[in-house]
């Protein structure tokens, strides 16, 4: 009856913020129909949540394996087409793996896997099965991020000579100084979060964004991480020196002990001809700097923006859109791909971003562990 | 099956921006089910659009009257509960009137009616029928607008002594200087837009916001409007002096010929103890000024905000939300009301805002016409 | 020996802030030699202050009349050439009058006189004696103010259609609500400050700046002033509607009860083609808005600025200059004039600004007193 | 006759910007009398310049050695007390050395010397002779820099855990890509500028500011510098990892190829309790971030500022002061010291800043040369 994409959700129930973000994003362009889910490991909770949000409960399964098995029994025109994996981090890999092997498309929350090895395995599986895979580095969905990418791609700032990215938060500050809290917070437990806290959670966003915006590849890194306390196994702050596949240098700074910072993620790219700067907390402004010229401030929705950027703006200039809209744009891109329509690969981050991201995290930790030495990616 | 509110939509089909805004807002908290609609005066277009956005077509009616008639035949537990009126301005009144008389709740786009007289009639009808009515002055849905309102209500800035609101846009500038265009643009045709362009479209937003934020009532106004060309019947710019029901004075400035401005709506309220300022284009910042103290900048999602404000923020601080989220909050408030849950009247603008707004528009035009003289509201 | 301009100062001794401002300004381009002064009505205090700041005391006179008399006895090549009048407001007129009549050039603090009548008299005297007269509307000395003036003059924003100036301060707030303080503060005493507080002190700055920047003349005004308390004779807040000698409208807003505002003076001028905006508290930024184009932000010292602007910047871009530098530029312009060099009349405000300013103040008060009616300037 | 400090100037003649900066600064608090100078190696030019700026020519000497010799012949109550060394970089050391050995106080432009070895020698001489020495790291004169220093010293942000400084300029960009220009620009010639361009010119400002603001000592650094072209001997960009004498980490980023940046120098210091941020291009704002609290923005001249900060503000809040005022504050502090008055050592950078700065520059170059390894300071 409906031509919407049949969409399944794993995790994201109850008062999960990530669940809200994905549901709103999926609804934003009328492209997805929430068809089935395992919102919660507890089936009753899952069913209850489905009722609360007004979803039919007939395809709210008791667990992930059942869900896959049952959906596969359905004729392909009824079967869920794409799954969003919103479960705790350690489940991303096994779930994504089984979904890809079973022929489903996948939208996966970050981090894609717990290790680089798993990431490589997932990549192999995807290539074999030829499914679509989107990794929700949400910030790439902002119109001015896309505009920055396109302007760089079009040579508007010339050859890149310097890249500087910052991702500063302060949220772990009230935790890290309390010896009990820092032992019991899941984010600081390598079993639950992988080998890195700061680089794994936010450094990797900055890393992915740098490659997304510049089109360059990071080739070598040297990381100086900070654990602050000896009994804390995880980095909570760090600076990473970057070298690229072209003669440019860069620096990536990330912190969770930048007291009072909320989500202060910014990127500056300096080219031979001009520079571009963008800040996540004020995402609707893009700054173009040119030697001896007035600073120019670009905003979404104007004709001077690229098609890729304009595709991600719904209202006329001056009506600020935010992070839900950015995620909506990623879902929009994935919808085009699922439907076999033309789309720009820049509309959603891919398996490759996930693989490179996991490699970055492990390499940064290794560079630091070995005494702040250069390591190749 | 679903416990979602059954929601009907009038207008907003095709590439209507307002349609997207309302649909996303309605979906944001999983509270509404788009159950029926007349998206378009052309039934085929309406059906086609329903298919495109994946809505069942069985309750896509051929016209408004049919829709009301058919819905009334349904048992109340199946019947649409609330309608959103997104049609051209001149249809707001007749549709809202019939809907209220027929027992439906109404969410109505602005302007509520074409005249103050109609507004008064609508108010009478609503009171008699006791239905819910929300007027989508969208900006009141921003968390920091709500925070500003609550701080003023709680006396945090003391007695108000000065109010200054600005709503500057430049969009009509490319039209107004072309004698052909200014004759043929619907916004400048009193038949289609009512007696005012600038005050009717944006001045009234500023007026409503002033009363919303301050809790004061505007008592007297003196308006100086600008038509720029003698053959232009409609104001496209103006300044309105304000006096309130308490000893404060104010000024409201609105323009559509403020070249290069996008949607630059801002409000400053100065009290005896402190002041608050807010800007629509950067809606996640609220400025608190106190004599001899550092400026304080409040942001959404922090515990220091009021319950009313926090209720409208979905993600942690630092994740910017925008205008879709503001409209979502208005729909959220209306959903609580429709379901008979507790809600704060500040969660959505009401019939009273619509009545006062229409009175403001007509009085401003009258004040100008009579030579910039004081008129009472 | 020195080819510096022989400069005399009246007032500005002790811990006078205005004295510091003028002395630094005068020294900024090595053009003036502080040659003589009456810093203080008390001769001892005057002599003591001269010693403190390292000035020879031989031309520190016991009073103003003596100073004029003694200086006139000196041969013209030794005589003071230009006097700065920094005394209390009510002395500006008699001192400036006598100085002009005696053949001296005058730099005068604002307000020029206590009444419009005095201003007209002073103008007559100046014309007759043909001396130079500079009125220190300091803000016109900022490079980006000058740039804004030149861009408007060069037609870069097209025909002006809307002007909006704001001058908001909060300093009188702690005074005005105390019935004792408001009776005893000199600024609120018409005997000492003239008939207006807010318009006379800061509204007139905004008025002068509007005419300076736009090159337009204000023709008619309608003022709504606010005294806040019945026993307060002086306006401390007000809004003034403006009409010009060309078909543009404007609004001037000034307040001393804008709680928490420091010296928030800003001007926006909207033309047919573009708009320009400037703010005193961030004086090194000039905003150029054009429909459908990125916002452009101009800064001092760049080649793209006009000669008039560049003449007022001493260091390369990125080295912020401030209000002392703005005043320095006014002194620089006056020095050129005194030396008979070429100068741009825009380098310092003149007698005409003073005359028009006094007219504005009296007319604004009259418009308000007569019930907020239009009055011609 | 005058109680002003007798002040001599070396260099800074003609259209030298640094000359203007120092002369205005010296005049700002009426403390210095320009008594003698060698403005220029050409005596005629020196005399001519003295006349132009209205200085008596009797103590305009033909060269530096003569000046020292002649001044030493004068009785101490007539002799110049303090010299400002504004000559080309390679002359700073020999001039400062001779001046200190001859018993004069010295105000010296940055860089203090060409090498760390020279710096150590100068320090020894100063200690032996016990003269005053001020190094003009101008930015430390800004009121909000001083406020930041005092708040950190008073524990208002708690123990420091992260420091991040940026100094980005783009001015060398038009030079560096031209193979002829980059060979012939003095700043890129090690003979004329020492072993480093970017770190030597601006990195060292950031380094000094970090130690000034935090009171910490940098203990170890790891530098990654960028020459961009193989035939360019000098760094024009670089990132330096920092470790301190306390358990904090930091990063210093400096660039002269940050295209379009003017003088974008900023410092962020994150403590356990709060953070402070400051930017040179908007020097009158100091940002205080505290977890879960509104951002606070401090401005100069308010009572909430420290004595050290308030001493550097001349006008009430809202009257922006700039870089000339910052330099004026350094001269003010030195004047207190010369006169034997009480002063805060934070009022001007000292020999120790110079020594540590030269050490930093050489160590950064060494760290990079040896393969981006840790080096101790």
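We call the chains A, B, C and D, going by the order they appear; numbering starts again at 1 in every chain.
Definition applied: a residue touches a chain if its C-beta (ideal position, glycine included) is under 8 Å from a C-beta of that chain, and two chains touch if they have at least 3 such contacts.
Note that the coordinates shown come from a computational prediction; the quantities given were computed from them, not determined experimentally.
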Of A-C and A-D, pair with higher C-beta contact tally: A-D
Between chain A and chain B, centroid-to-centroid distance (C-alpha), Å: 35
Whole-Å gap between the CA centroids of chain A and chain D: 43
Inter-centroid spacing, chain C versus chain A (mean Cα positions, whole Å): 55
In chain B, residues with contacts to at least two other chains: 171, 261, 288, 293, 295, 299
Graph class of chain-chain contacts, one of line, ring, star, complete, other: complete
Chain A-facing residues of chain C, complex: 288, 292-299, 302-304
Of all residues in chain B, those that touch chain C in their complex: 157, 161-162, 164, 166, 170-171, 173-174, 177, 222, 224, 226, 228, 237, 239, 241, 247, 249, 251, 253, 255, 257-261, 268, 270-275, 288-291, 293, 295, 372, 374
Chain D - residues contacting chain C, complex: 1-4, 17, 20-21, 23-24, 27-28, 30-31, 33, 51-56, 169, 171, 261-264, 280-284, 299, 314-325, 328
